[in-house]
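Here come two complexes built around subunit A, the first alongside subunit B, the second alongside subunit C.
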Partner chain A sequence: MIPVLGLVVGLALGLLLDPSVPVWLQPYLPIAVIAALDAVFGAVRAVLDGIFNDKVFVVSFLSNVVVAAFIVFLGDQLGVGAQLSTGVVVVLGIRIFSNVASIRRHLFKA
Partner chain B sequence: MNEPLNGPGDTEGAGGHAGGDGIGAAGRQPPPTGGSKPRPDASMTLITTVLERPLEPGYQEAADRRTSSGLPAATSTRTVIVVVMAIVTGFLFAVAAQSLRPKPTAAASVKEELVSRIEGLQTHGTAQEASIVALTRQVHDLEAAELAQAGGSDLTATINTLEQQAGIVAVAGPGVTLTLDDAASAGGNADAGNRPSSGFEAGRVSSADLQVIVNGLWAAGAEAVSINGHRLTATSAIRFAGQAIIVDFRPLTRPYTVTALGDPDTLRSRFEPSFGGVYLTQLSKEFGIVSSLTAGDSLSVPGAPGERLLVAEPLGALPGNAGAPSVSTATPSETTLPSGVETP
Partner chain C sequence: MTFSPQGPTNDPTNDAPEPAIRRNAAKAAQAPRQRVSSGSVDGVAAWRRLLRVGRPRATRANALAAVLAIALGGAIAAQVQLTNERDLDQLSQSDLIRVLDDVSLRATRLDQQVRELEATRDRLKSGVGTSSEAIAQAQKRVDTLGILAGTLGAQGPGIVLTIRDPSRAVTGPIILDVMQELRDAGAEAIDIGGVRAVASTFIGDDNGTLTVDGVGIARPVVIKAIGDRKTLASAMSIPGGIVETVRQKGASASVAEQSTVKITSLHTPAPMTHAKPVP
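Let's look at the complex of A and B:
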């Protein structure tokens, strides 16, 4: 429950402070969000599997976000930013779906 | 680090507390790809990996390490670092959602301001029209009173006739109502401003259509005509601006309702075989423009905002009045008809 509370606190902070994101950072935000979602769902699944490890969670979270942003940056430099973003979204999306399916099996046994 | 939450440092050494919220090692699952036999789809390792092992392998490895050293497989989810990451995640979501939501652009704000100005001016214009009508009625009453005092009551009838003919006063009576609307295929959306470059659509009622039809109604014997509540007088103009139809500088919105006073049967029987009627039939046949002609017993046509000649002077005016520019400087309270009108 406490991590969920933390999530809500973070959401409220972001909504209240409403910080202005620099323009150069904006292309990386959507991908970073997808990567963070992937890490979060992976963590939830690990908790349900009983193999959660906070260090692995933090490292996978940060590396996911950084690598996703780096891929978009590299793609932008090479002129294939949109295609690489699509690739990242597809891969992370499949992972998210699989993890959510596993979470669903844990929670509802179906 | 010393609060009741488990600090990051004690995840390794806190063997006493039950980690993983009671799930413990019993909830462990073997790795999903545990088979020793080579799979038939071994060449598609990328897809297999993505589909079947979506979980970070690091979780399993860390759990294996911890079980081999006698610890519960899972650590607590209540460590400070997890909570911090949760806060960061929520913050990231909120910031991303807020900053990526499409913001109102400068053009949109300018458009909104223009729309509000237009609406304000239209309200202003409507109010002015209403005051014109009220003032016209007042002028009319004063005129009548003045004439009654001067004993020229015969002029009152003349003025009334002239005002009716000029279309200044509202009139009522039997007549026909002709409703025109764009064809269904013409989109029909009033948001014509979204397509600035598109040409004129064939299914739209144009100002020329309205001109032909109104002229046909006049020719059929209509005594007073209004379009969407705008009285047509001798100086009225039906024009277009872009795709909008404008009557006396007031834009119309569809559907277009033409009210013509006159004997309904005569109007109908004269209009339908005339050029205007045939034109209307063709419009319906060729372009699908919707039209309906209905007769009514008690239709009313509003009066036009009074207009008086400011510069033009009637021919054949009396010599005394001919050169007098008093007409052009007439204040609204004066009620002089254009000189010479009463002696046609």
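Let's look at the complex of A and C:
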């Protein structure tokens, strides 16, 4: 309940306040968002697996975001930013899908 | 990022050193309900557990999770808006190259279109020019021919020759001479007693009544001619000319030069039955 409410509140705030993303943050934000989503789905799955831990969730969330941003940063420095971003998105996408599949199996037994 | 292709064990919350059951005992004692019951669950139990976990609890971890969720939501919204209002200076190099490609391609296409349209415009313009020129020329020709053929009224400088002839001594041949003299002098339009004189005009004499194209004309005979008035007037008055001839017949003729002579009588051309234009 709390995460869903928080997500909705955050979306509403972002839409209403229309925050201007700082230029230095702009390349990293999309990847960071995907990484955070991955953490969220992982957390839901962990809850259903019975291994959820608040602390682990917070740490994994933050580390996901930071690592994703760092990979994009590194890619930009090495001149392969676009390719590396694509790779990160693919990997995170696969993880999100597998997590969602697991959640689905738990909730719908299908 | 901690990605390993091992399926279920690779989710980020799974990399906890210990599962939730063996969590910090003190914490568990403080808030027993915070603990997520152990073990994997399915179906209704899974839904129940999801609801129970999602229930608001005043713990630091829950507050942190809420903050993170809010941050995530805000980031998504911001990113979406950023993507929507993306400007050129925020595009990556490859994007810029693609945009540049698109733009130059479109510019080339539009350039070509401009050239085609300009060519069309020029063609139409010159077409309009020549056709209007042709129309003007044709109109001029129609006017000239209309005046010569007597189908159009005419006005211009010329003379008015009045022959007073109480004794009716002036006969057809004299009028024919007048007409011939006027033509020789360059008269462009001639009117004899209200009848337009054209190429096919004939002069008759019907028991002392002069006829032009079969139409009787009243005396005194008034002949109007348009042309160079000096030349016309001198052609009439030269020694041995019309004026003198008429005077010898016992009649009087007077020539009046006028700056504007108006000839409104018209000749109705007969349809050509034999002659056809040579193509």
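One rule holds in what follows: the second predicted complex is superposed on the first by the 110 of 110 C-alpha atoms of A that agree within 3 Å, B and C clash if a C-alpha of one lies under 4 Å from a C-alpha of the other, contacts with A are read in each partner's own complex, and residues count from 1 in each chain.
Following the convention adopted for this analysis, contacts are C-beta pairs under 8 Å (C-beta built on N, C-alpha and C of every residue); 3 or more make two chains touch, one makes a residue touch a chain.
The model shown is predicted, which means the values in this text are computed figures rather than measured ones.
Novice: Is the number of subunit A residues in contact higher for subunit B or for subunit C?
Specialist: C
Novice: Given the touch rule stated above, what does A:Ala68 touch, subunit B (first), subunit C (second), both, or neither?
Specialist: Only subunit C is touched by A:Ala68; subunit B is not.
Novice: Have a look at where A:Val58 lands relative to subunit B and subunit C in the superposition and call it first, second, both or neither.
Specialist: Once the two structures are laid over each other on A, A:Val58 reaches both partners.
Novice: After superposition on the shared chain, which partner residues are touched by A:Leu11: those of subunit B (first), subunit C (second), both, or neither?
Specialist: Once the two structures are laid over each other on A, A:Leu11 reaches both partners.
Novice: With both complexes overlaid on chain A, does A:Gly81 touch subunit B (first), subunit C (second), both or neither?
Specialist: second
Novice: Can A:Ser98 be said to touch subunit B (first), subunit C (second), both, or neither?
Specialist: It touches subunit B and subunit C both.
Novice: Hey, what residues of subunit A end up touching subunit B and subunit C alike?
Specialist: Comparing the two interfaces on subunit A, one with subunit B and one with subunit C, the shared residues are 2-15, 18-19, 21, 26, 29-30, 32-33, 36, 40, 42, 45-58, 60-61, 91, 95, 98-99, 102.
Novice: Using the touch definition up top, name the residues of subunit B that touch subunit A in the complex.
Specialist: 5, 8, 11, 20-21, 23-29, 50-52, 54-56, 58-60, 62-63, 66, 73-79, 81-96, 98-100
Novice: Going by the contact rule at the top, pick out the subunit A residues touching subunit B in the complex.
Specialist: 2-15, 18-21, 26, 29-30, 32-33, 36, 40, 42, 45-61, 91, 94-96, 98-99, 102
Novice: For the complex, which residues does subunit A have touching subunit C?
Specialist: So the residues of subunit A touching subunit C come out as 1-15, 18-19, 21, 23, 26, 29-30, 32-33, 35-58, 60-64, 67-68, 71, 81-82, 88, 91-92, 95, 98-99, 102, 105-109.
Novice: Hey, which residues of subunit C end up touching subunit A in the complex?
Specialist: Touch residues, subunit C against subunit A: 1-3, 7-8, 10-16, 19-21, 23, 34, 36-43, 46-47, 49-51, 53-56, 59, 61-62, 64-79, 81-83, 90, 92, 94.
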